[in-house]
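Got a structure here, written out as structure tokens. Questions coming.
Chain lettering (A, B, C and D) follows the sequence in which the chains are written, and residue indices restart at 1 in each chain.
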Amino acid sequence: MFDISEDKINETELRKKTRDSACGGFVCFEGWVRDHNQGKAVQKLAYEAYPKLAIKEGNKIISQAMEKFAIKKAFCTHRVGLLEIGDMAVWVGVSAAHRDAAFKACRYILDEVKSRVPIWKNETWTDGESGWVEQE
Amino acid sequence: MFDISEDKINETELRKKTRDSACGGFVCFEGWVRDHNQGKAVQKLAYEAYPKLAIKEGNKIISQAMEKFAIKKAFCTHRVGLLEIGDMAVWVGVSAAHRDAAFKACRYILDEVKSRVPIWKNETWTDGESGWVEQE
Amino acid sequence: MKNTSKNITILFFGKLKETWKTSELKQTTQVNTIEELYIELLKHCDEEPHKASIKAAINDEFVSWDSSINDNDTIAFLPPASGG
Amino acid sequence: MKNTSKNITILFFGKLKETWKTSELKQTTQVNTIEELYIELLKHCDEEPHKASIKAAINDEFVSWDSSINDNDTIAFLPPASGG
């Protein structure tokens, strides 16, 4: 299941939901706000989403991952609103019987979310300027 | 850093140690004791290690991962002793500026630990029998 | 096909809010497709955003540029995603 | 090279503990290399474990099969790892 959240991402909760005693492997990705990006010192950043469409598209990605890979459960939550350095921006977790599927599905979901889900990053740099960030 | 642990793996602690505000990405793998393996219903299992050599070899793997991939921090802990279904057997976590290095290094460390670190799995099945497990 | 008047809401996201200096427009339009609407909107902004990189949505669904606009539709223009 | 008597400790791990029905042996040996020791040990077990899959260590370091054994060495025989 894909979700967006205005509050801090509760990774403990998400990990609990992703676990399954039939599963041997669990892979998760956490994306944090870095103190620099594309050569500039970052002070804080904001993510804006088109919420309804983001949730629809995110859940489509999760369904596609379930079809493509032998995985059991998959969750992804993306934070929106104002974030500080070190805050978690995105969490992806996948459980599977075997590690290979778990690694591949986690990477797939992350890559697809970054390129397809309508969420945009606006950075404020330490020089006080801010701007919308283009995908790397 | 690689470690072996007779107690439950403290993934919260490990995740805290792996984080770094210069890092944008964190990938972790958790290996859990499954309720089945190679077609048999598993009741519990024990991991035995050759502790000194395991720690040496595990740390060699971490160093090699740091050289091979653009990562910042990497930790791996393997549980030893008696484990129940759903217990965590191994934890690998990597932080890096970019996701690609984090995913690749995490997978590398896990695969190398499984094949090179002197740790052995002994399963007890629900029929009461037990035996040493060969690598899949 | 006769051009009828339609009341629509237009949403802009990300840097397109700066391009059009607003996040939401309500207007009455005679155009029939997303593409025609986009061309009409270009008259009201100084720059010309690279159309190939923009996605359009009608009522919370991604649509193609030749999709028809109906009365009361909410149309959104989305720059490339940059989440994660 | 003269075969001298050496006091050594031999450790077995994993399924090799079952093969030799012990996890630790202390013995005095005349052999010079790991390989010679292994061949000697084969006399004391019923099966013949596939040598290619076994690794040897001396004093907590992996070693090759032609490595020399010294007095007071601790030698370990390790089946393929199965952690994770």
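The rule we apply is simple: a residue touches a chain if its C-beta (ideal position, glycine included) is under 8 Å from a C-beta of that chain, and two chains touch if they have at least 3 such contacts.
Being a predicted model, the structure only gives us computed values, none of them experimental.
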Smallest number of contact steps required from chain A to reach chain C: 1
Interchain centroid distance [CA atoms averaged], chain B/chain D, Å: 27
Centre-of-Cα separation between chain C and chain B, whole angstrom: 50
Whole-Å separation of chain centres (CA-atom averages), chain C against chain D: 75
Centroid distance [mean C-alpha coordinates] between chain B and chain A, Å: 23
Residues of chain A whose C-beta touches two or more other chains: 31, 99, 110
Two or more partner chains touched - positions in chain D: 84
Which chain pairs touch, all of them: A-B, A-C, B-D
Touch list for chain B against partner chain D, complex: 31, 47-50, 52-53, 56-57, 78, 89-90, 110, 113-122, 131-135
Residues of chain B defined as touching chain A within the complex: 19, 21-37, 85-86, 97, 99, 102-103, 106-107, 110
Chain B contact footprint on chain D (complex, rising order): 11, 13-15, 18, 55, 57, 60-62, 76, 78-84
